[in-house]
Each structure stands twice: as C-alpha cells, then as structure tokens.
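Take a look at the following structure, please.
Residue numbering begins at 1 within each chain, and the chains themselves are lettered A, B, C and D in the order written.
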Amino acid sequence: MTRIHQPESGIRATDLHRRMYRDMLLAREINDRMLILNRQGRAAFAVTGTGHEAAQVGSAHALKRGVDWVLPYYRDTGVMVVLGMSAEQIMLSLFAKADDPNSGGRQMPNHWSFPEQRVVTRSSVIGANLPHAAGIAYASKLRGLDEVAVVYFGEGATAQGDFHEALNFSAIHQLPVLFFCENNGYAISETSEKQMSVRHVAERARGYDIPASTVDGNDVLAVHQEMRWSVEEARRGHGPKLIEAKTYRLVPHTSSDDDRRYRPRAEVEEWARNDPIDRFRTRLIEAGTLADEEGEQWAAEVREEVDQAVDRAWAAADPAAESALRHVFREADGSP
Amino acid sequence: MTRIHQPESGIRATDLHRRMYRDMLLAREINDRMLILNRQGRAAFAVTGTGHEAAQVGSAHALKRGVDWVLPYYRDTGVMVVLGMSAEQIMLSLFAKADDPNSGGRQMPNHWSFPEQRVVTRSSVIGANLPHAAGIAYASKLRGLDEVAVVYFGEGATAQGDFHEALNFSAIHQLPVLFFCENNGYAISETSEKQMSVRHVAERARGYDIPASTVDGNDVLAVHQEMRWSVEEARRGHGPKLIEAKTYRLVPHTSSDDDRRYRPRAEVEEWARNDPIDRFRTRLIEAGTLADEEGEQWAAEVREEVDQAVDRAWAAADPAAESALRHVFREADGSP
Amino acid sequence: MTESTYIEAIHAALEEELERFPTMVILGEDIQEGGVFRVTDGFLDRFGPQRVLDTPLAESSIAGVAIGMAQNGAVPVAEIQFADFSFPAFNQLVSEAARWRYRSNGASGCPIVVRMPYGAGIQGALYHSQSPEAFYAHVPGLKVVAPATPHDAKGLLKAAIRDPDPVIYFEHKRAYRLIRGDVPDEDYVVPIGKAALRREGGDLTVIAWSMMLHESLEAASELAAEGIETTVLDLRTLAPLDRDAILDAARATGKVLIVHEDNISGGLGGEIAALIAEHAFDYLDAPIRRLATPDIPAMPFSKPLEDYWLPSKERSAAAMRELAAY
Amino acid sequence: MTESTYIEAIHAALEEELERFPTMVILGEDIQEGGVFRVTDGFLDRFGPQRVLDTPLAESSIAGVAIGMAQNGAVPVAEIQFADFSFPAFNQLVSEAARWRYRSNGASGCPIVVRMPYGAGIQGALYHSQSPEAFYAHVPGLKVVAPATPHDAKGLLKAAIRDPDPVIYFEHKRAYRLIRGDVPDEDYVVPIGKAALRREGGDLTVIAWSMMLHESLEAASELAAEGIETTVLDLRTLAPLDRDAILDAARATGKVLIVHEDNISGGLGGEIAALIAEHAFDYLDAPIRRLATPDIPAMPFSKPLEDYWLPSKERSAAAMRELAAY
C-alpha cells in the first residue's frame, strides 16, 4: 500500500513548472520574512512553512480553484500562495490588521479563511477540522457536485481521535476527500515515533481500506503527480485517499520555539541540503525550463513584492477596539 | 493478519471445560432472567449478553484472577460470572439495591465495578474506557508487574476517537493490553457496515501494527485458545493484541429496544441454531466430558441458584435516600 | 390547532423542514430505524438514506461532519442520542461551531442544529439523565433552547433549523409522551431569545424551563388555592438569555425562585440570579432562591435515590411558600 | 523563605513530589524537552522517560491514560499544553474522572491532577488564552484550583498531587515569570477549599483569583490613596467554593465586585453572585457587580482588540469606585 514515488526523469518545460517554482519562491520569502518580522519585534507571533513548499505548492496546483474545498493548516503558506492569497493579505494577517481576509486580525497568523477560494476557517485545535472536510465532501456528494475536499495536517494530528473518526466516516461513505499529511517528523519537539507505532502515516489508512501513498515531499513534481491522480480518482467517485508527503521544517516550530533544544543541527543541515526549492531550481535549469538569470531575477522580484506587502500591511489600520464585539452571531446587515 | 481459528478436533475432558460450560449456563440464566424481570415490571431496565456467552466465558477463563485487570462492558455477564460475581450480586445491581457491589444501585445494571477482582468502574459512554486500560497497563509496566489488562467492547465502540487513541498509545509503548471485541454485527440497530469500511474489526488494528485475530465467538474453546495465547504474549512483554470474537446477540439490545424493527427474524433464528451453549454441550457430550443427564441437572441447579438470588436480592434493602449525597469526594472515614 | 404530544411536535417540525429544504440532512445514531425514542420514525422511507443518515458511534464526528455539511449548502440537523453523550463532541461544538463566524470575522457562519434528548426522571441513571445546558449556555456563539410545550418544541425547532447560527436544541425525554398541547396547523416559528410568561401573580416569581416549568406551574396552581399568586416565566431560550423578561418578572414581585434539573453549583440558575442581583437589586424583597439538584455527579439509578435527587412539584411548592412568606 | 517566580514554584512542586512518590508520572505533549513553557525542564534527565512521558498529540487519551494509571498505583500528573485544548478531553474529565468515586459507591477513587496553563494577556488569540474554569467548576466530583501567588502555586499543586480525588490545576501563563513571591523552604501544602483574604477594608469587597487578583490588588492600593478601603478575597479554590469565606467577605462590606477573565454569562462570577444573593442578602447595600470579559468567543489576537477585551487594573478601579459610591 505504501509506495515511494520517483519523479519522472525528464521534466517537460511547462508553464506549470515555472509557475510552481515562482509560487515556492514567494511562499519561502513570505515564510522567512514573517519570522524576521517577529524577531524584529514587529509581529507578535509567526508560524511558517519553510521547507514544506514543495509539498504545499505541488499539491495545491492539482486542485480546481474555486471548485475544490481546501482546509490548509498553519504551515500552509504555500497552499495559500497558490490559491491567490497575496503577500500583502498574508502580512495583514501577520500584523492582525482590520483588512486581514482570514479573520480581521482576530486569529493568529496562518489560521486561514478565504471564502472566495473555498478555504474554510479553522481553529488552532489540531485534528478538529478533519471531520469538517468529510462533512463538506458529504454535501458535495449529496448535491451531486463534482467537488473534492482536501484537508492538510501534520503527522502529529494523526494521533487525535478526530483523525480516526474523519477517515472512518469518509471511507464508509466513499467521499471525495483527500487527507494530505505533511510529515515533517516532528510535532513541536516530539518525533513521529512518539505519535505512532508505524513508520509511515500512510500505514494508518489501512484500518479504513483507504488507499494511501507516501511521497517525497521535497519533490514538487512527485507530490503534484500523486496529488493529481488522487484528486481525479476522488472526483470520479472512487472515494477518499491519504497522501503522506515526507518533508522537514527547516525552522523552529513557531517564533516561540527553540528547536535547538531537540533537533541535532546536523539533521537540520542535512535536510537543508535537500531544500525543495534548490532541488527544483536545479532540475528546472537542467531541463532548460528556467534560465539561470531568471531564477535570480524572480528571487529579486519576490523580495520586492514582499517588501511592498510588508510596508503596505504595516501601514494598514488596526481593527477598531469595539469591533471585538461583532460577529458573534449573524448581524442584521445580512452577512452569510 | 486476520485468521479464523478452528477449534481442535478432539476436546479433552477437563475440569476447565466443565467449568466453562457451567459458567455459560449460569450467565445465560442470569441474562434471560434479567430480561424477564424487566418484562414483569420488577426491574426498570435490563441489558444482557444472551448469545455472547462463549466469547465472554472463553476469554475470561484465560485471565489470572486477582492479577489481571478487567474492563468488561454492559453485555459481559459471562465475564463477571467467571470472575466470581454471584447471581445474587448481579441481581442486587439489577434491582439497584444498597448492597449492589458495582455501584450501590447508582448505576444501571451491568455497569460493572468489582475491585476485588480488579474490575474497574465504567460509565455508559462507549469507548471511553479503552484509554483507561492503556493507563492501567502503563502503570503495570512502570512498576514492573506481571499484569495484563483486558478491555471488552462491541464493534460499535471501534468508531470512537478514544478507540484510536487507546490503540495508538498502547502500541507505541508496547503495553500489556488486550482489546477484546465482541462483534455481534449490530450497534443497536446499525449494522457494522455503518460503523466501518473494513469487514473485520481485526483489520482496524493494522494502522497500529497491533497483531489481531478474528475468532468464531460462538466457539468457547476457540476463543479461549486465542485469548490464552494473546494474554501470555502480552504478559511476556510482546505488546498489545486485538481479538475480535464474531458473535450475535440473540435478544434485543436492551429491555428498551425492539429489535424486530431492524433485524430479520430469519437471521436471528439462524444464529439461534448456532447458540454457543448448545454447540458446546453437544461437543462436551460427544467427547464424554459431560453426561447427558448432568447437563439437565446443571440447568436445574442454575435455575435454582438464580431463583434464590432473585428472591434474596429482591428482599434486600434499597439505598437510603440521603446516601445519594455520599462519595462525591473521599470521605473522612478513609475509603480508598 | 391540533392537539399533539411533545414528540409528535418535534417529529412534525423535522418532517416539514425536510420537505422545505431539499438539502436538509438529519444525522445521528440509529435514526434510520426511527431513533431510540422514535423521533425520526418513517423518515428513512420518505427521504432516503442520504438525507436520513445513520452515523458511526462517534459523537465528535457527528458534530464535526455536520459543521462541514453546513459550509457546503446542506442543512444539517444532528442528533446526539442522549445529551450525556455530547461531551465527546464538546470540542467540536465549543471550539468549532461556536466560533466559526467570529473567527472568520463574519465571513461565514455555521448553521447547524444539534438535537439533544436530555433530562431526568426516567431512571436513566448517571449517563442518560443529565441536563448539561449550563455548559453550552456559557459559550458565546451558541444559541441554546429548551422548549417545554409541543407548541414551542415545534416552533423553536423550526426557528433553529432556519437560524444562521449553531443552535443546541434540548428536548426533554420525559416530556415526549407526557406533555400534550395545541399546535397550530400552519407553518410558524417561535423566535429564539424570547421567554414566555406562563402565569402572572404578585406574590413571587418562578423562573424555569422544560419539565421544571410544568412542575412549577402545577405548584403555582396549588399555591393559588392557598391564596399565593405566582408569576411563572418559561425561559425557553437559555442562551442568549431574555434579560428583559427575566428582569421584568423579577421586578414584578421582588421575590424570585429559579428551578432547574442541573446541579446547583455553576448551573444556569446562578447566572440568572446574578443578572437579577445586579440589575434588579433595588426591587428585591427577599433573597434570590434556587431549587436545583444537589452537587452530585448526575442522577443515580435507584428509584429512592432518583426521587431524592429530582426537584418535584412538592419541593417547588415548599420553596415557593417559604419565599412568599419571607 | 526564598523568593521565586510562579513558574519556579510549580517546577519545584513537581520536582519535590517526583522525589517523594516513586510512581509519580508526569505526562503530556513536549514535556520531555521541558514543555512549551519550560515548566518541566530538566525532569527527563532526572527521572527518566517512563516517569516523564511524552504523549501523542491526543488530549482525550492524555486524560484517559492518566485515569487508568491512577487505578494501578501510579500518581499521574497530566499536562494539557493549553487549557484551550482540554475540550477534546472533556468527556474523560467530566464523565470519567469526576464520577469514578461516585459511581463505584466509594469503592475506588480517581486521584489524578490535570495541569492546564490558562489565561490571557500574551496575545495567544482565540485558542491560547481561554479561562475555561467555569466548565470544570460546575462538575461535582472535580476539584478546581487557580493559584495567584508562587506560595499558593507550590502549596496547591502539592495538595492536588496528594489529594485522593481528581484536581484541575489552572496555572496562569501570564503569571509564570511576572509574579514573584516568597516560598517556604520546607515542605508544605495549601489546603484545597480555602480562600485567602488578601486585604481588608470596610468600603467594598472584591472577589477574584489568579491574575485578576493581582489587577484587583493594584486597583485596591490605588483606591486606598483616595480613601476607599477594599476587602480583597483570593478564591484560590474554584470548586468546591469556600462559601464561608465568600459570605463573610460579602457581609463585611455589603458591596461586592467579582472579577474574572472568563466571559461573563455563565462564568463562575454568576455562581458567586448567586450564593451571596441567596445567603447574604440581608447584608447587601448595593447590586452585586461582575467585571468580566464580554460574551465573545475568546480573546482576539489583535492588540487593540485584546486590550479592549481584558479587564485591566483601570477597569477594576473604575468599577470599584462606582460601587463604593453607590
């Protein structure tokens, strides 16, 4: 049931690949910048996905935008970049500004909500949104719609009761849901051996007869291929799938964490040599999909984009204090 | 991973077998009587294990009494009979009398608690006591004790998040726990296809690398053999196991249920022909372990025993009204 | 108007709303065969297994799946077989459903209904008798209702189903076949958030809901024969509370008794008493009294213990007399 | 006596009890590396991985496994990383731990401690700021404590660990490094169930706990300069409540303000107000006031929203002045 996908040997020079690379660059730049802004004392808290960009961008590009439902987790800057949340919008969230599209500054950064792209709001309670994905997919099926729901989570989340209940329900009803696990080997300080007695999260799917695969999560094309196939399968009514993308976070868990306490530096360095962005760039250049200088130019563009996003977001208005009282229930003015 | 055990062809005429048969008879008599007492308006509620006696008696006889920890569920009259709870004690519980050893009349019948045999109290909340078994076993291991913990439950319970969390924790720490599932194909009215997407509960154990087996739960010797082996393995430190005993309840879910609404009579009749007590008697008589007339005599003795138990329990005192206020916290008089 | 029982009223509300909303789904354990109380009897044949959905025995996912459905155009009405079994779903209800709108800054809501048969008096023992309303009524973002009459049972359930926000609907299992009353033949809703004055009298005020309302009304009749006139307020909605109705009823008599089945400490009676003690203080002529179950972990099974535990008409009447005489 | 911080006091209590009880186990997420707040720093090396146990990310089993351990001679002290994440464990705490003794008719108890870092003021937003004490304090069979000082943090934690019944221990995360105080050098416990009078004055009474005690004490000093003398009661134990201390403090001044971080409706303040309104009614000279957070689903992340939301020293002082002038 578990298989490690190897990417195809020859990468075709497609727009998609260039687009993916660009998205990864932007996600990385946003991730890194959020942490810097925290270190500078400008952002109270940051949680980032540095190192996960291939898993996130590769998978998200397999979705039908505006049709498929997406439930990303706090590391998924890359998913949101693919779905079109701008650097500025993400920075508005980081600074908890009134115009933050996710929550108007109410939630911590990276607690996504983006109705126009069918990203539904989530809490910080790990595991709790897996049943939501099942419920969304049930409604799609009930209504005869061609939609797929994807929920993203870490391997730590798979220890929660809600993981079990969501997979069980989805399998019983053969729902169009994808369970996408970014297995980075750690839940804060705990290694995955403390979360599970099997080697791969994919093995967890066995108890439900849910087809599952383990892919190299630092290989954007391998992720993309596996995800595309799985999404198509789900859309065709063949039921849920679980994809485990093995990856690594190259940064502390959050701005509040000091990962030197629990991770050997050598391990981090080794994974840094396997940086998904570097790997992809090398392959794109080798394949002639990307010119060397383009890579540099894009990096500069992305930096500039994020610089401007930060400046604009920083200058934006805070929420008005009394607005804290709003939206407990639907207001008379007729929000959804 | 899933295997159906065949009983050995020749049954040896041992005391154990006779003892098991007798326990099954007694359990059945108690079960049936509880339901009758309810129908007669003498008991407010009854929940019974008629049909499950082989699974219960066969498994419980594999335990070390007073050493192993037992967490039975509401159907497990047979387990309690093996552990030495008397018919009278069970009837005290049915009638909610002050001397009910389980709860002093506070809990519904069959909510077992029997400290002298290491049966710990349980709620009605299905699934919730599986983590307790894991915790007990963790303490055994921590303290270097040779104990095993067994928790009994139906297949419906395997849908709960707590099932997942308990198996996961037990597997990670390789604890001496046995998960014993009496799969009777129904959770009240819901067939097992509504609870799970796999055919056998044993398959659920795959996601944890917990060895699991499916046995004919109406074959007391098959159950006993599988349980013995599993208990020994667990005691030797080889970690948790799951045993699924396929059986059937020959009666409504509880006295409040009308199973004719959801179960075809033909199905019930077919299982009645597979009654674990009849099957075992035939084999014992064939093997010469039990004489024909002994069977009848025992049945009469057991009836007499239960008659007397009912009479004595019925005559026993109710709890004093104000005693409802006691034991919220430990009292000064120094209970445990 | 047609006379019907409380359970018939709930059944009718579900049926009419299933007709009205083609994507309404009712989900829970054993509901296809009619449910352990027969509330959903006949719906499977009428609306099919996709809309009348038997779930696995897993309350967290019952709530969680309903939340997801509500995001995608379905109208989920979940059943928790007994309110006692809502605790495995507590996180879904409190952390998820209740905060959906708030945390999305009003961008999306979470219109689910969670029906919970609750309450004591049928020898359900510790885990089939609880009144956990205080937990849910404490959660901003949840609406909580507890109808006492067939009229309100139907009208509040319809209101809940049409409400844009999550509603916990407590239906009293002792009321199912015991309580009868007139129900309008045409479509109607009972607005969430409005209490109902069931009786007016100048000597004292009783505030109650669900089955305790009936006990209190009976006690009030008894007292009337003794010349003591009682105002009885049926809260109906437990969150958000109808503050005006509570304060008006308290001010009207200056003496207040609050009656509930939940245990006293931290029960909803405390909140009601606190509102009165803060906002109607100058009108009070007597201590605010609460009659509730003692602080023990839910109702025992034994009948003598149950009788000792549950507030009865007699105990209501005694407390009322005492208060009137203060 | 040695001066220490609140977090040092908790660390010391755990360490000393780990020494005292060879089968004591602390369990939770990330506690081997010291925990996200560093409370358990150094324990892994000292007591080994069996007694300092990193659990899977699954709160229901953290509580459930602790309950099991307690049956078999271990002394479990569980940590829920943030009190906000105790809701997945709600069923284990409410249906299981709290009722263990009651439902076994006193035959066995459930001596577990569940530590929960809680409270707001560190920009933890909706899910790292909550004060869910009212939920747990409502549950008969649970004891609930919330120390304000290092002295009490240590003494109540030791008392909790040695208690034969389940104790929820709320430690305020804003207090960890902010609050300092003297701690005895010798072994001691602070008895569960006893409030502490922190200040005496005849004009009004403030009842608070944990961080809100400190805000209230500062406000009281400020008011003293204006000639208003305040009695300040630190509840310390939230269940079972110290009724005598509450009623005495209320009677002493006839004017009461209750302050807490949890949202107002259904918060513990309601229960306290209700007790006073029933049992100290004749002594009251003013409405019973509550200062708490508004009825919104937990603290927002944005600093202006957080500031708006959290009761401050200034708002305490304003409410106290108003009450004194009534």
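One rule holds in what follows: a residue touches a chain if its C-beta (ideal position, glycine included) is under 8 Å from a C-beta of that chain, and two chains touch if they have at least 3 such contacts.
Keep in mind that this is a model prediction, so the values were computed, not measured.
Trainee: Farthest from chain A by Cα centre, which chain is it? Let me know.
Mentor: Greatest centre separation from chain A goes to chain B.
Trainee: Using the stated contact rule, I'd like to know whether A-C or A-D comes out ahead in C-beta pair count.
Mentor: Ranking A-C and A-D by C-beta contacts puts A-C first.
Trainee: Which integer distance in Å separates the CA centroid of chain A from that of chain C?
Mentor: 41
Trainee: List the centre-to-centre spacing of chain C and chain D in whole Å, with centres computed as mean CA coordinates.
Mentor: About 30 Å, centre to centre.
Trainee: At what distance in angstrom does the C-alpha mean of chain D lie from that of chain A?
Mentor: Whole-Å distance between the two chain centres: 37.
Trainee: Between chain A and chain B, what distance separates the C-alpha centroids? Give it in angstrom.
Mentor: So the centre of chain A lies 46 Å away from the centre of chain B.
Trainee: Name the residues of chain D that each touch 2 or more other chains.
Mentor: Residues 55-56, 58, 60-61, 84, 87-88, 91, 95, 99, 102-103, 126-127, 140-141, 295-297 of chain D each touch two or more of the other chains.
Trainee: Residues touching two or more other chains, restricted to chain A: which are they?
Mentor: 103-104, 106-107, 111, 123, 125, 128, 159-162, 165, 168, 172, 194-196, 328
Trainee: If we count contacts the way the header does, which residues on chain C are in touch with chain D in the complex?
Mentor: Against chain D, chain C makes touches at 60, 84, 87-88, 90-91, 94-95, 98-99, 102-103, 126-127, 134-135, 137-141, 239-241, 263, 265-271, 273-279, 281-282, 284, 286-290, 295-298.
Trainee: What residues on chain C touch chain A, complex-wise?
Mentor: 23, 25, 50-51, 55-56, 58, 60-61, 63-74, 76, 88, 91-92, 95-96, 99-109, 140-141, 143, 164-165
Trainee: In the complex, go through chain A and note every residue touching chain C.
Mentor: The contact residues of chain A facing chain C are 69, 100-104, 106-107, 111, 113, 115, 120-121, 123, 125, 128-143, 147, 149, 161-162, 165-166, 168-169, 172, 326-331, 335-336.
Trainee: Okay, in this complex, where on chain C does chain B touch?
Mentor: That would be residues 29-30, 32-34, 36, 54-58, 60-61, 84-85, 87-88, 123-128, 294-297, 300-305, 307-309 of chain C.
Trainee: Chain C touches which residues of chain B in the complex?
Mentor: Spelled out, the residues of chain B in touch with chain C are 44-45, 96-97, 103-108, 111, 123-128, 156-157, 159-162, 187-190, 194-196, 256-257, 261-262, 318-325, 328.
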